[in-house]
């Protein structure tokens, strides 16, 4: 199953952030107010402007993005949870 | 009885989502915050922009769509409940 | 007495919805959150856009319409209650 | 004393609505949520649009109008209370 | 000391309203929800529209105006209290 | 240290208002709802309009301005508190 | 790891403000309502206007900026906390 987002929405697969202590032990990040990371898996055609034009979403499939913890709505696709959110909710793109 | 939606409204027949356990038992999805799925059964002419133009709705009859649990208003047509919602409330189109 | 609605307002005469049980007994619909139906009895000239143009209301006298239970304001005309609402409040037109 | 309303404001003299019972006894309407009626006694030049143009108010002095009970602000002119409201607050014009 | 209002603001000197009883005794108006009157003593250059133009304020110094009781902010100029408000807050101009 | 305000922001150095009694004793103004005065010490380039143009701020360094008590945000520059506010928050310019 | 901000967002590395007492002892500033300072480490392409154009952000990497204490969202990049905020949240640029 695939989802085609409408307008300026994107679909993002959340990537669990981890934190490594000095001794190398990985502990999950519990601070609820930190943004989350994810991978863009689908991008809508763009924002439909009131002058009749479409402004393309400034993201592409595969982009690793940062977004607020409460951004988007969770959708289950083939048993896997993904997030549908607006381009507006994306804070930035993580570059390797 | 048929309903012709105005402007950018669409009429959606809800499809009950199901969840199958490992043993194959189907249990209804009880998590209230997950989006719902439905089939588009009628599409309005489009959004009437303030510059006098009409922007066609980016959906067609038969599309299987995702929408938030609280989207739209329930209308009973010939004893069957359907939802009237705005294109804006549709998160995406499910592609087979 | 007749009322001429201003701008994109329409006047609607409510039609009481009924529900027939399997045995044919008609019981009034008590679910408060279902939209109501009515007949359009007057239509304003249209929405006055900020660019100076008027966008005609996409409804005509005689249309049977669906609207939310709390849409519009009740006005008594010649002892009969009617609703004055905006085109925006109309969910769709019921086609026979 | 006369008041010249600014922009899209109008001045309305309220007309007390009455209700006649089957036996002909007139009883005042006590239902607080019904719109009121009034006569337009002054009309502003129109709404000043952001493109620099003025959109004339679609009302004239002498029009009998319907408006919501809480529309406008009461002003006392020569000992008589009138209402200053926006064209937007007028639901419709009562035609004889 | 003089104040030059910015944009579409005007400066208004409040005029205390009075009420004369049948017997001619003047009693101050205590009804808190009635609009107040005042004299315009300064007028800003106009509203700066988003298209870069300026829309002149439709008032002039000396105009006697009506405004809501809670309109504007009180400023003390040379020991005298005046009100700084927007043209938008002026309900109308009292004509003699 | 100097601050260059962005867009339509201005930096204002508050001037403490004083009140002189009939006998000449100066007492500080305690009424919290009176606007404050200040001197403009920096002016941003102007408001960036959505049509791509910039509308210059209608103020200059040295202007003595009136503003609401809760306007702006306090910033400490070289140990001295100043206010960063929008042109919008300035009620008027005091002319000597 | 680097973050590329979208639209008119910027990434800011907070600079801890300090206060030195007369005797030279540095004490941290505890007043929660004072703006914070930071250094711009990344700048988005600009605000996407509804007319299809892009308005460049009026900031550059290296600018020392003032912003409100609650501006932006904290993001951890390579173990270091930075803030993602909008150009709108920046009060001004500190010039040496």
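First chain written, first letter: the chains are A, B, C, D, E, F and G, and each begins at residue 1.
Assume contacts are C-beta pairs under 8 Å (C-beta built on N, C-alpha and C of every residue); 3 or more make two chains touch, one makes a residue touch a chain.
All values derive from a computational prediction rather than experimental measurement.
**Student:** Quote the value, from 0 to 180 degrees and to the nearest 5, of the angle by which the CA atoms of chain C must be rotated to coincide with those of chain F.
**Tutor:** So the angle, rounded to a multiple of 5, is 155 degrees.
**Student:** Mind checking chain B against chain C and telling me if their interface is mostly the same residue numbers on each side, over half, or mostly different?
**Tutor:** different
**Student:** Quick one: chain B and chain F, Cα centre-to-centre, how many Å?
**Tutor:** Their C-alpha centroids are separated by 52 Å.
**Student:** Report, in whole Å, the distance between the mean C-alpha point of chain E and the mean C-alpha point of chain F.
**Tutor:** Taking the mean C-alpha position of each chain, the two centres sit 23 Å apart.
**Student:** Pull out every residue in chain G that's touching 2 or more other chains.
**Tutor:** Residues 50-51.
**Student:** Ring chains in order, chain D leading off, chain E next?
**Tutor:** Around the ring, beginning at chain D and stepping to chain E, we get D, E, F, G, A, B, C.
**Student:** Would you pull the chain B residues touching chain C in the complex into a rising list?
**Tutor:** 1-7, 9, 11, 42, 44-45, 48, 50-52, 73-76, 84
**Student:** List the residues on chain G that touch chain F in their complex, please.
**Tutor:** Residues 33-35, 47, 49-51, 53, 55, 58-59, 66, 68, 87, 90-96 of chain G touch chain F in their complex.
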